[in-house]
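In what comes next, subunit A is part of two complexes: it sits with subunit B in the first one and with subunit C in the second one.
Let's look at the complex of A and B:
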């Protein structure tokens, strides 16, 4: 890289020039910030202001500090590709939040932020994208059922190759065993053809799709753009390379033998929904003894919504029972069909399908089934009629238990149990399959981001991700395939995947300093770091999501990113001028999550809420990236307190890097020793959960904290740093 | 604007709510050229009008922040706001799209400093709050608005107020002469992320919406709960500003009803369960949910179970027949039959929230021939994204939008493959 040439640009617009002494800020940038070039402008984000910066960049400026508004504002105007950039937040972070009448400390705050921006800038390097990148436009699809077939076809239609691995000797999965399916589009009146034959034909004929039958995945290694998948099949083992993976490993039906109170596994004429499909496919609607069926009872939520069995609802079963009741009505309109339910769940246009069944004479009764017993030649379903509020029963020739979907998620890496067979056999240090979210499903935890996977480049689709019907599975498989395509395209460019999409920085490690403590490999939320035979960390950059959790974990501080490192943050906090003990001007460091807490602080400014001018806020990628050295450095250099602001943790955690804020909390619980050694009070380091909507709360939180620090008194460490 | 901003390699996404944002970003992050057109002054759509999401009770703006950062960082994506699509002709592979750009009266020089707003005093109903609150006629639509730019309401253009706003702006961003513009672009594929609207509650006569001030809709209740909303997050009833202590939630308001919407709107059960949380978190108030079936599908069941355990929430299985007003107190009587045990009731509540159904926003829009809708107006096939395609919650909308993005990419792929071949 060419020689570093630094410049600082000070904007006096938006009232900055009226509230701050720009001339002395310029001096700070020159004398203390050591910027080679310092320019002032009254409207920096204007075409003229931006043009001025561009001209300087053309003349050789490599590093620019923009002292104007927040990094969240005017991002597109201050966009200089190839130039290292720091944003000094004088507007949202200073003039909009400091109450009138505090001119002196407001100016001090601004000068500190400028010092910090200059210090950070000088430590920054331009990220160049990770070097382990590779382009591979092939997607491996684990599972050849409806979801897997849909995924493969979607990939192929978009111009990508697809390789399907299926454990059975044929494709089609559960869908191929269905007689008919619930309609996907109007009219929602009758069961329709499953479409699986047409899908199989398309898949079979597509030149970009290849299939391995009777095959399983023996090992998956590598990273997005360069996965190596060892496939074990009848002809031995074969390695397929792939850029990304869609896991469509489907579901298994809940075993009815686990429901003996409902006659499951006990009486031959108690079947599950799959059993009805078999009958319908063969057209042989008879009891096991060969006699005709004149009455059928469908028991909804059998072993579902039940903490003893499956606590969740599988979503499709109400519509499936409706469809199956129609089979019987179609075969013989005189067959009595009763659906016993507590809540009938047919969302959207499924309502029309429900209506159609009612018109066909299917009976729906709100009742909670307690048991199924034998009665004469038939069966008796005992239930509480919830309308009449009484125990009652009905007799039927056939009882259908609407059981739920159990995801084929492979090994639960958090709680492995014997007998679990891995789907992917990842050779990752953190376990062989995808982490599971809840009830065994490999879903994303985020409402806004259903495909926010914890194994970069691997996307779950269909009922393994979430219980679902075929229509949803078709949408889901297509969505997951898009994400797989995106992952491989970005891996080829050396860029991060969501949520830091496009980020070119990646972790660098100085292995010679590494003590093989393994914290980074254990704590990486995305399983990106493996270990070599000497137990040194092996970074798989294309799996990395650039959160910095490894950097926060490293006790010897050998991990860093080009533009975000122990130094870029360390230099910032050391650049702050610490007034002496008798000044009555405390200095509080805020380390704020850049996605929630920092925007909350910003929006306090947008709403012109005020908070203490004694704080100095630094945005961090995640609280998980906070290295404790920053805290000890801050305390050693005389800060009076440190506030860490991160996302909610626990069951409904909000951290997009999974455990960042929780880890920070944990690490800070260990900092008491350090505080003790320094003779400092525990209150000098505080962690807070802050949501993005917490602008008013965070302003108050700051003021309360400053008040409490004033009560404890100034730090005795000042002047020793 | 130049015509050549788009070609038959461009994907146009119509609608900038959560589905449109997601579809546009997913396609753009695959390296495709995308234009996102939004009718309002800001992105975010109806999700920005929600206080929290079920079942995590997290804030929509958290996800929006990530999405906005993705938008700002992506050079393949162009966002047009205040842009209404007025006509789409052609077919997949070669659409011509006519769009009307409404004047914002604020140009790209705006720094969002707020000087224009400080200079005006006239107020307009706040659209974001469904008109429950007011905002200045020069306004930033939301603290997280994208683009981060003020809007001058047309009502003050040509008035002294308008001039004051212009004079207050020190960067020359207020442009009162700005005119409506019509542009035409090409697009190879179009994703319809036109979203949904709440069903007109006043059409459900027996519930008295519009006649009884304390009968409100679930979307309005969302604004009341939001600290950034018209009541600062306090659940105050409209008639007298008293805190609601005994709230009724009526499910299937407009949905599953042949006289109104035939379909089930899917989100309303979970929305009401979530809103009972707002009630119990705010005070010692009680909630009662009147329902036909609680549709807490898949793991949402966990959330339903938690709400059932909350002693402040009770459930009545009943379609409420009618609501009558107690004039003196402003309270409401809900009349109906509890189908569990068949009891007749006339229950008193101080606030009634109608879990209002979803109607596709595309109803009445002129759609091109190859876009098919069902009889309720939802767009069938792969090119409808989010609630334009079916009544969906946020998570499923994003899922559907991601899928629609791949359909569009395949279209573009087919066009380039054909062009290369010829």
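Let's look at the complex of A and C:
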């Protein structure tokens, strides 16, 4: 890289010039920030202002500090590819949040932020994109059921080759075993053709789709853009290369033999919904002894929403039972059909489908079934009628148990491996399949980021991700394919995937300093780091999401990004001027997650909420990237307190990087020792959960914290740093 | 109580569909309970409309038809307005009441039923309601002294109605009829015949 040429640009627009002394800020940038070039402008984001910066860049400026609005504002105007950029937040971070009548400390705050921006800038390098990049426009689809076929077809239609791996000797999965399916569109009245034959035909005829039947995945290695998938099939093993993977390994029906109280596995005429599909496909609606069926009882939620069996609702089975009751009514309108439910869950237009079944004479009763027993030639369903509030029973020739979907997620990497069968057989250090979220489903965060997983470039689709019906599975498969395409294209360009999509920085490691402690390889939430034979970390940059958790974990601080490192943050916090102990001006460092907490701080400014001007906020990629050295450095240099603001962790976590805020919390629980050694109070380091909507809360949180610091008094460490 | 093999079958439901006014709606109830919650009589009757509809589906013929619940309906129409499934609940309630009455299964001493009968008989006679006779019959339904007591209690209202011309004491002597009384009676007979045919009553 050529010589570094630094410049600072100070904007006086948006009221900044009225509230702050720009001339003295310029001096700070020159004398203390050591910027080679310092310019002021009254409207920096205007075409003229941006043009001025561009002209300077053309003249050789390589590093620019923009002292104007938040880094989250005007990103399109201040977009200078190839130039290292730091943003000094004078608007949202200073003039909008400091109450009137505090001119002096407001100016001090602005000057500190400027010092920080200049210090950070000088430590930054331009990211160049990861070196492991490769382009492979193939998508491997694990599973040839409805979701897998839909995914493969979506990929192929978008111009990407698709390779399907299916363990059975035919494609189609559960969908191919259905007689009919629930309608996806108007008029929502009758069961309709599954469409699986048409789908199979399209897949079979598509020149961009190839299929491995009776095959499993023996090993998956590599990273987005360069996966190597060893497929083991009847003809031996074969390696297929792929740029991304869609895991559509589907579900298995819950075993009815586990429900003996409902007659499952005990009486031949107690079947699951798959059993009814078999009957309907053959058109042979008879009991096991060959006699005609004159009455059917459907037991909803059989072994579902039940802590002893599946604790969740599979979502599709209410509509499926309605459909199946229609099968019987269609075959013989005199067949008595009763659906026993506690809640009938037919989302969307399923309500119309339900109504249609009522019109056909299907009887619906709100009842909780306790047992199924034999009675004469038939079966007796004992239940509590929840409307009539009484124990009662009804007799039926056939009892259908609406059992749930059990995801085929493969190995639960949090449990001992033995006995578990893997789907992907990843050779990753962190385990052979994707981490599971709840109830064994493969997902990372179904509320904020559906489709995301914790293994970059591998996307789960269909009922393996969460329970779902065919309509949802078709949307899901298409979504996962789009994510897969995005991932492989990004990987080819050396860029990160969600949520820092487009980021060209990647973790660099100075292996000479590494002590092989393995913290980074264990803590990376995305399984990006493997280990070599000598137990050194091996970074797979294309799998990395650039959260910096490894950087925060590393005790010897050998991991860094070009534009985000122990130094870029360390230099910022050291650039702040610490007034002496008797000044009554405490200094509080805020390390704020850039995804939620920092925007919440900005929003406080936008809403003109005020908070103490004694704080200095530094955005971090994730609280997981916070290296404890920053905390000790801050305390050593005389800060009176450190506030860490990150996302909710634990169950229902909100962390964009899944484990980051949790790890930070854990690491901070250990900081007490350090505080003890320094002779400091535990309150001097505080961790807070802040959501993006918390602007009002965060302002109050700051003021309360500053008040509590005032109470315990100024740090005795001032002047020693 | 009915046997297991009869419960939750369509038999009674079909009967209701065929023979009760608006009975074909019963199967469409989704058991949300909005009607039960909307009915001003909620706490006072044994079975809410929601329950009555469930009982029909559960095959509880005896219990439904001999119940006094549908006689409690005041025709406020709250339930009809609110039912998300658009069931004409009020009409079904009256249909059920009428059907149980025709079958002779309606509870004997039920006051609403008694009054309805008084009203009907009174109306049919002349094709017009004779307010005075209706009131008297109603007051004296439980014997002479009870009637006097009730009439005395309502004295002021009665006098007011008389002053306003709402009740004519002369109506006591016969009262006047609709223009074509025999035509009116023929019309009722025809209606009855149609209804009987539809509901399968032979008398």
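The rule is simple: the second predicted complex is superposed on the first by the 715 of 721 C-alpha atoms of A that agree within 3 Å, B and C clash if a C-alpha of one lies under 4 Å from a C-alpha of the other, contacts with A are read in each partner's own complex, and residues count from 1 in each chain.
The working rule: a contact is a pair of C-beta atoms (placed from the backbone, for glycine too) under 8 Å apart; a residue touches a chain by one contact, two chains touch by 3 or more.
These figures come from a predicted structure and were not determined experimentally.
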*Specify the outcome, clash or fit, for subunit B and subunit C once both structures are aligned onto subunit A.*
clash
*asked:* Quick check on the superposed pair: does A:363 touch subunit B, subunit C, both, or neither? Answer first, second, both or neither.
replied: second
*Using the touch definition from the top, say if A:393 reaches subunit B (first), subunit C (second), both or neither.*
second
*Now for A:375: first (subunit B), second (subunit C), both, or neither, which partner does it touch?*
second
*Which holds for A:135: it touches subunit B only (first), subunit C only (second), both, or neither?*
neither
_First, second, both or neither for A:235, with subunit B first and subunit C second_ = neither
*Set of subunit A residues, in rising order, touched by both subunit B and subunit C*: 344, 355, 366, 387-388
*subunit B - residues contacting subunit A, complex*: 18, 22, 26, 29-31, 53, 56-67, 70, 72-74, 109, 111-114, 140, 143-144, 148, 170-171, 227-228, 256, 262-264, 266, 293-302, 305, 317, 339-342, 374-376, 378, 380-382, 390-392, 394-396, 398-400, 402-403, 405-407, 409-410, 413-414, 417
*Contact footprint of subunit C on subunit A as seen in their complex*: 295, 336, 338, 344, 354-355, 358-359, 361, 363-366, 375, 380, 385, 387-388, 392-395
_Of subunit A, residues touching subunit B in the complex_ = 13-15, 43, 45-46, 69, 73-76, 154, 157-159, 185-186, 305, 311-315, 341, 343-352, 355, 366, 386-389, 438-439, 441, 443, 445-451, 466-468, 472, 475-476, 478-483, 485-486, 489-490, 498-499, 501-502, 595-596, 599, 603, 606-608, 648, 652, 654, 656, 691-693, 695-696
*asked:* So in the complex, the part of subunit C that touches subunit A is made up of which residues?
replied: 4-5, 7-10, 13, 27-28, 30-31, 50-51, 54-55, 57-58, 85
